[in-house]
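Attaching a single structure in structure tokens format; questions to follow.
Letters A, B and C mark the chains as written, and numbering starts fresh at 1 in each.
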Amino acid sequence: MNESQGRFTKRGVDYPIIDGMRTLPGRYYHSRDIYAEEVEKIFYKFWLFGLRAEQIPEIGDYQLVQIEDESIIVLRQKEDVFKAFFNVCRHRGTKLCTEPKGRFDQNLIQCPYHAWTYRLDGRLQSAPLMKEGHGFEKAKCSLHEAHVYNWDGFLFLNLDRNPEPFEVRMEALVNKFREWEMSKLRIAHHIRYELNCNWKLILQNYQECYHCPGVHPLLSQWTPVHSAQHDYSKGAVIGGFMDLTRERGSMTMDGSAAGPPVGCVGGEDLQRIYYYSVFPNLLLTPHPDFVMYHHIIPQGPGKIINDCYWLFHPDTIKDSKSQEGIRSAVEFWDLTNRQDWQVCEQMQQGTKSKRFTRGYYSGREDVLLTLDHEVLKALGHTIEDGDD
Amino acid sequence: MNESQGRFTKRGVDYPIIDGMRTLPGRYYHSRDIYAEEVEKIFYKFWLFGLRAEQIPEIGDYQLVQIEDESIIVLRQKEDVFKAFFNVCRHRGTKLCTEPKGRFDQNLIQCPYHAWTYRLDGRLQSAPLMKEGHGFEKAKCSLHEAHVYNWDGFLFLNLDRNPEPFEVRMEALVNKFREWEMSKLRIAHHIRYELNCNWKLILQNYQECYHCPGVHPLLSQWTPVHSAQHDYSKGAVIGGFMDLTRERGSMTMDGSAAGPPVGCVGGEDLQRIYYYSVFPNLLLTPHPDFVMYHHIIPQGPGKIINDCYWLFHPDTIKDSKSQEGIRSAVEFWDLTNRQDWQVCEQMQQGTKSKRFTRGYYSGREDVLLTLDHEVLKALGHTIEDGDD
Amino acid sequence: MNESQGRFTKRGVDYPIIDGMRTLPGRYYHSRDIYAEEVEKIFYKFWLFGLRAEQIPEIGDYQLVQIEDESIIVLRQKEDVFKAFFNVCRHRGTKLCTEPKGRFDQNLIQCPYHAWTYRLDGRLQSAPLMKEGHGFEKAKCSLHEAHVYNWDGFLFLNLDRNPEPFEVRMEALVNKFREWEMSKLRIAHHIRYELNCNWKLILQNYQECYHCPGVHPLLSQWTPVHSAQHDYSKGAVIGGFMDLTRERGSMTMDGSAAGPPVGCVGGEDLQRIYYYSVFPNLLLTPHPDFVMYHHIIPQGPGKIINDCYWLFHPDTIKDSKSQEGIRSAVEFWDLTNRQDWQVCEQMQQGTKSKRFTRGYYSGREDVLLTLDHEVLKALGHTIEDGDD
């Protein structure tokens, strides 16, 4: 690490010296107004992770994805074509589907109220007794569509009418984990956590290991804190990795691999755990032998659902000899997650105090400043000096 | 049906052509501000159904009616005189009665806090230890009174200080159902529904049968959808009827009458089911042999209580041979109600989407436009063109 | 009682004639805005009762006190020194303690997130890996402190940066009950009540006995209503007393003393029950033989927690012969409390009506006008004439 003139570089990355730099003011975790702004300017505007393609395996299968007030029907229209529609009938606004997932009979989406019927591409097929010409045009009554992008089996959604292209926004991600062949992986386990904290605290927690020695003794044993490094990051993607001390190890209760490496992962990647936060709602943790990810679903300024999934190769999932390894990977991360949730919830509570204005970042928390700036840029906010 | 120049007539009623006319914007079902305006300008200002006279049978009997923040004591002061008072002591504002119904001991209303005591006509009878003359005058401390009107056994209330006379506002209702002799009927059954939708969606649902073929297969069998017609309506009253296919039929599980005709109902009324919405909170459905009604009690923009009652002649209620018919009428409407609640709740959910601006009415939903205008007129709102 | 020119005097105290004087408008019990103002201008600014010193008996013991959004750590730093700190780490705002009470290991307060560590005097002892000089100075990162005052074993807190001195604000209290030697008393019993009313209604209820004949028949037997008198009061302290009819009596189920007199209470104090409201959150009721007090904790405009405690001399608490007396004192006040809560909650409900503007005070409720003025003065409000 070289340090000079208020900046330092680490493995070629240029960092500002940030010891003593200030955190966001507390209102960014508690204000209903700021949260409403975040919904408009971040969750209704940016690419969000929605679900895995494997969760709607057949043509005509759908699953609902809830983004704040918006219910989105994500369906498989053709073998490799996914569509996303606002779950709202064009007649009088009735919610079309209420079951969280299912299959459209005869590949038609029918409103239960007055039987208006749509095709899988969203076009209105029939509207009983409606006459065209007095303000009503069938061709203008297709379902409202949202954008979908399938990245390695992760379906991302965008509710904005004219979103920035996925490949631009997610440049640092697009080809990053090709060797993992993630589109071939399948969900082996899922745990839903309901947490009382702001969504940004989870991202912050994920991107620094300053807290690891005290909070995660086991994790710190398998991947030493000092090994944490950040890659060059761009757009919505911030990432880094930590080194596994143990040859062919992984993040499990005993530190050994849970299964064979996935895809064609090799070389130094066999000794690394990657931590990539895909702003704003996906935390992606590729291991040599599996992928763990968190899907963060804000429920207000102080509440989130965190859906945590473990992806393994289907052969590993079927292999009876691998069950203990999978179980151990789940147990390790469930333990580690709960350690994190506890301190995130305490930070949520503490920052509510009027006496908390802004905190201080240590040098180990440099990336959090980048996250804060990403939020402020999206909202069009600047923090005044008087805010501390 | 004759159609010309953008209007058509049906049984002498002149309708605008409305295919493609637009619904209310979604905010009218969700906004807390609009709901607060509705409370002020509709629920605190217009005549509302409160309860049946039979529910307070004796002098000194009372029942509480809750209208948003206002608790109203409705009591029988004399044989045929009903009074309504705000449930608030004039001393320091204590709620006088907490039991939902009861009888006033010695015909006196006594505050439990400091024992101020009022007569059944609302006058302050005694205020212990209060001295007149320093700003306090007993004669000015009568209970605050609300208006009551007894229409055929239905007690309507009005919280406004100077309401429009009931007979003017309800002109289309006053003599409409005289043959049913409703004041002689009694409640045979009651079901309370708690629904997650805006109160207006229930009125809309009640006034169109465009949804009947898909939602109500049984109802559509007893009363064909094409038979639905609207009477001439006025003020707060919008009504129509449908024809019973079956001779001496009614709305029961097997389509046969639940009991003998009530009052002196005869002629074509023996083959009709009437549907009258008495804006804003009573839906009245006279059958040849009984009367079903809904009492709608809003609990916020997205929540209502719907109290559904079945009125029969007291002789029928006592007659053991009629029990099966009553049971069948209750079962039929409970089934039909639940079919309606499902789609109303889905419409509530769907219209919350930002992408829902305004829907389209079909020709079968003409009366809903009248309902929308009634709401907008009461609120003093106009919908701008840009709202779609 | 002498009355002249719109004023009267009673035992040397000069009162305005208030029959017919008006109460606060209803919004003072219901408005979220007014409540928020009260939090800022009363609860975050004035001296509040927090807890008894005996509840943190040893050095390093702490208990949390929640004041609206603020969690305060109150700890015993030295034998006779108490400290209060905002429960917020200076690093990134994490809540330091979550257990409602406990003891600090090695007399150090450590943040569970990144292990910043503070001494019992609030100074930051260590912040791992933080470098001084780039905006971070350890000496400026002590815990935020609140003020503490130990009055006869009652620890009062003040969250304001520059509070009015306790001795000035509480002048009428400071030496008032010296004979009770309250610092030596101990908690014999505690009941928590959760009530649906505004905090001010409890203070009002406590300071008038106009309601006693109807609401408290037993209390009125042991202490006749006409004996109620108010002392000269000052600042935050309003107090008075009632006479015990029975020689060596007290407030118990049979009216006899629960134990021997406490401290060196003697003379006419042996025949008196004192009622002192220490604005805004302590109601102190010294009896000859014990002290009962209410700790009022607002939870919003229409909700409070009321923690009721009974203090006795430790010898009495240990004495098996006194158990029945203690039980009887608890039973008496629990009965009386519940009678009061019922009418306070009904007043909360009734004053929500739009028709309730302002009520009327009787001559027996004179002190309530003083309480109202205390609130209005703190808020900087005046009530306009048009408010009635």
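Here, a residue touches a chain if its C-beta (ideal position, glycine included) is under 8 Å from a C-beta of that chain, and two chains touch if they have at least 3 such contacts.
Just so it is clear, the model here is predicted, and its values are computed rather than measured.
K.L.:
Same or different for chain A and chain B, when you check if over half of the residue numbers at their contact belong to both copies?
P.N.:
The interface is built from different residue numbers on each side, given that under half of them are used by both copies.
K.L.:
Rounded to the nearest 5 degrees, what angle rotates chain B onto chain C on CA?
P.N.:
For the C-alpha superposition of chain B onto chain C, the angle is 120 degrees.
K.L.:
Cα centroid separation between chain A and chain B, in whole Å?
P.N.:
Whole-Å distance between the two chain centres: 48.
K.L.:
Quick check on chain B: which residues sit in contact with 2+ other chains?
P.N.:
Nothing qualifies.
K.L.:
Touching chain B in the complex: which residues of chain A?
P.N.:
Within the complex, chain A touches chain B at residues 44, 69-71, 86-96, 98, 112-115, 127-131, 133-136, 141, 144.
K.L.:
Which part of chain B faces chain A closely enough to touch in the complex?
P.N.:
Residue list for chain B touching chain A: 6, 17-23, 26, 210-211, 213-215, 342-343, 346-347, 349-356, 359-364.
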